[in-house]
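Please find one structure pasted underneath; my questions will follow.
The first chain written gets the first letter, and so on, giving A, B and C; residue counts start at 1 in each chain.
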Amino acid sequence: MFIGFYHVPFNKRISMTNIENQIFSSYQRNPDLFDEIYDKNGKIKEVYQKLFNLYGEHSINDYVSLNNKAKSSFFNQGITFQVYGENNVQEKIFPFDLFPRIIDQEEWDIIERGSIQRSKALNLFLWDIYHDKKILKDKVVPIDLITSSANYLDQMNGVNPPGGIYNHISGTDVIKHKDGKYYVLEDNIRCPSGVSYVICNRTALKKALFGVFNHYQTHTVTNYAENLLELLESVKPKGVDVPTVVVITPGMYNSAFYEHSYLAKTMGVELVEGRDLFVENDFVYMKTIKGPEKVDVIYRRVDDQFIDPLEFNPDSVLGVPGLFAAYKKGNVTLANAPGTGVADDKAVYTYMPQIIKYYLNEEPILNNVHTYHCGRPDELKYVLEHIHELVIKPVDEAGGYGISIGNILTKAEIEKVKAEIKESPRKYVAQPIMSLSVHPTYIDDTESFEQRHVDLRTFTVLGKDKEFVLKGGLTRVALKRGNLIVNSSQGGGSKDTWVLKK
Amino acid sequence: MKTMPRDFEVTYKAENIYDDWVHDAHWQFLIIPFENESQHEVQIEFSNSLYANTEFSINGFGFKTLRVHPKKKFKQISFEAKFKFKKEEIDPYDFNINSDLSVEYNELEHFDFKITHERFLKQTIYTKLNSIQDLLYKFDTTVSIFQNLENLNHWIYKFIQFKTGVTKVGTLLKDLLLNKQGVCQDFAHLFCALARTNGIPTRYVSGYLNQNSGYMGDSQMHAWVECYIPGIGWKGFDPTNNILANTNHIKVCHGKDYNDCSPLKGIIHTGGQNKTTHTVMVQSQQ
Amino acid sequence: MLARVANNLFWMGRYIERSEHVARYLNVNYFSSLDAPNLKSQDRQFVLRSMLFMVGDPEEDADKFLKEEDVLYKIGLDPTYGASIINNIKFARENANSARDLISTELYEAINKFYHFVINYNKDVFVKNGLHDFTTHVAEMTDILRGKIRGTLLHDATYAVISMGINIERATQITRMINAKFNDALLSQGEENDRFSKSFEWTTLLKCAESYDMMRRYYKKTPTSISTLEFLILNPNCPRSVMNSLNQVNQHVRMLNPEKRYNKDSTAFLIGRVRSEYEFKYIEEIDKDIKSFIENILKSLVDISDKVDEEFFNY
């Protein structure tokens, strides 16, 4: 039985040197990697000490049984994604393990301030490039970042979104390099997803191992929905008293549908599809059992190109004809605003230090990874010559698609990547291969804990007079040994992430 | 002395016939004459055979649209729009060119100028040329920008033969350049492409052409271009007719290319085939 | 509530209810036939035909030999057959998925478990010796679902819409069973001691509707055609009767549209009309022409469902 685990009072502390820590007895630590729980001398870091002891008192079998229970609870709740095989569709849960990641207050403070700083700077950047374009005129950012970006919407020129906010919701992907410093890998400001998993992971861990929470003062993650709703209500159109907020989803076959339904449910608002809405005289209504009801704020999880077939992609069946005209007229708010995708571009990312400095006159709190633009001849040359030590990323893809990591490519693959880059250099950027920190992660196949690379996606909510970063975030784990790509679409798992109060 | 404005009347008709019932349809018309200094007092009459409600709106680029969304199913629908307005007589040559040509050419190179006019300097899918085709028409900087554009207008008029049925909406320049035959959209797209590669902000214009004037065009919407010349402003060129845009050119809207100006957009959910016909009639009185 | 989502919830209720009735019909007919008092009712071919008749897919060829495994598979687990139990449950879950933000986590989880149970049920086991286990499980799980619907949802519009679906479907399925058993009773009559009115099929029918015990308690006699039909159609206190279902639907419609104003285009009006038609009916009137009566009632139920659709889902 595992009952004891729940009730072991922590004052019954057992000296580390005396116990055989079963769970970690076979943990192999590669000293070249930055391990989140061990320092470089192989000693457990202080914040992890209690957790290490608590978990360590129990056998791997206990742990496996709890982990399986947590997984089946995910499965039964339908927190799954679909894998399309040749003959059938399989449902799978996102891999998860019960050993949490801990971030102490001091480190978190940097991440939080850094995330807010970036969100604010990006918002000012978006306002500028859709209005006076000062940053271009001052030659801080090259004009072709905008002219050749498919995500720059001419229709947004001169539009003032309510409250001046474009990127209401941002997801910032940060990693810790082997120098122990945090670096930002990407800013996601189109429709960043994953926040529902943060909350599900926490719920699962609380159910399985509630005892461990007695020993740590951990910030809650369940306040995301209320903060999001408060923000959405605050950017209501002019003249609306109590706004009706909805979440729009591409539908139940979308891979993030669970998250869309989760957010609608926890905010207590309707989850709509394009076909549930219509526009009349530039106002938006939803079709309810009691007839039409006006909609004021739309948290949209549908990409720009699909929101209005009359204005953008005419083949879209996900959108609402006339929605953009209603938006432009100021009768409905869209969050995030249309056209934010241009700043999501990985080529814009490379200018983030300059962008932050330009608008906020501050030094970046979080580091950027040095990036080479294949669109610049001299940098292209460097990239082509050093592919084996670089990560090549397409500028406008999300979800880890199209990424090539130089040191694991075969000769033939390198040639193929080179050819692709030469074909359209503007489409690619390259970065040095960052060594993401590793964290002990339970691996099903070997039934033991092993080092795996992790990153962290933070969720920032930005309003006119408000900013909120969810104190937790999604720690994503690259489950394949040695793999650096953590995206769930590429076989990544996740962990509960604890931010400590002190 | 200022002449009296002319009264114009444009009648636009469209008819759509479907094999199967249509249960859900949205149309958006971008056909209302644009109000500016030379076109004003626009009056609009618009009706459809289903008596469905007409909504007035403004599209993403700020032009007025008409929208129709019938509430019952149908197999056939026709639309009729009548626009009455006044139009000033235009002398397209009424402007002065700075005698120091370097002033206007220097302005083109100015960074702020490029940023301000970024939208009408970039390539789009319909105005895309490859690096060799870019050289098809090079400006002669010893003459004025206006003169170059007029020459380009003439060059395209000679280079492309007006012929319907060869190209269609969505034909790319690379295909046009193979056949060298096309209609007003193709002339306008080629003009946009070559003027932009020479650094001139150029916009595609959609509108009506007074057919009684004897110009080329068909009984549908016409297309021409407007170029921004430093010191002068936007000037209209109609390469299909080798003329400058004048009183007979009734502007509806402008954009980067046809995509921004499509006169009729329909979101229709139906199976089977459909047939669409449009006619435009322009009448004017002195 | 969104009209589309309401429609999905309505059908979720219908599919949940439908899967239960089909499952129980298979179970009761199969197992009662094993020791039925007459040869006809014992005949496996007769039973299999009755099952196909009930799901609306009667075998027209009187001479065709039906393979038991084929029929059971088709109605139970065949993913290519639209009316199979597996598809009913798939559809129920699909409908629940799209309304996930409105229903409770507990209800969704129960539907999801139900789905995984059915999807993963071994087909060979089912057709050889799993019929009892499978169908009882399905029936029990639908009970759990109804419990979750009643106990974990706020009794507001969401609840009313689901309950409406459940009750319209219950009335429909009970009528379909009556129809199938009426047909069986006609076919099996003529053998010794087995006149139509005293057919063994009426007992089977009551068991299919889980109403045998209630009925015995109420009439204290062996069921006959008249007493069975009276009980299953007209008795408002029998929770499975058509009358009771209509009363429930009436209640739920009024939750959605509390308007009392006279409106002969409303669902409430139509239900009231149908209810009053049966409320003051003598069973003897029905007994004269059971066939037309069954057809009539099925038509009324379709009309009500269409009316609900028109009034609430098709704004």
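We adopt the following convention: a contact is a pair of C-beta atoms (placed from the backbone, for glycine too) under 8 Å apart; a residue touches a chain by one contact, two chains touch by 3 or more.
Remember, predicted model here, so these are calculated numbers, not experimental data.
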Counting one step for each move to a touching chain, how far apart are chain B and chain C?
2
For chain B, which other chain has the most distant CA centre?
C
Find the geometric centre of each of chain B and chain C from their Cα atoms only, then give the gap between the two centres in Å, rounded to an integer.
63
Centre-of-Cα separation between chain B and chain A, whole angstrom:
44
With chain centres taken as the means of their Cα atoms, state the distance from chain A to chain C in Å.
47
Indicate the residues of chain C shared as contacts by at least two other chains.
none
The answer for chain C against chain A in the complex is residues 1-6, 94, 97-98, 100-102, 105, 108-109, 112-113, 116, 157, 161, 256, 312-313, 315
Report the residues of chain A in contact with chain C in the complex, numbered from low to high.
75-78, 251-252, 257-258, 261-262, 264-265, 270-273, 275-276, 286-289, 291-292
Which residues of chain A touch chain B once you look at their complex with the stated criterion?
133, 136-137, 139, 143, 146-148, 153-155, 157, 278, 280-282, 309-311, 314, 321-322, 324-325, 328-329
If you look only at chain B, which of its residues touch chain A in the complex?
26, 28, 55, 57-61, 65, 67, 69, 111-112, 114-116, 118-119, 121-122, 256, 260, 265, 267
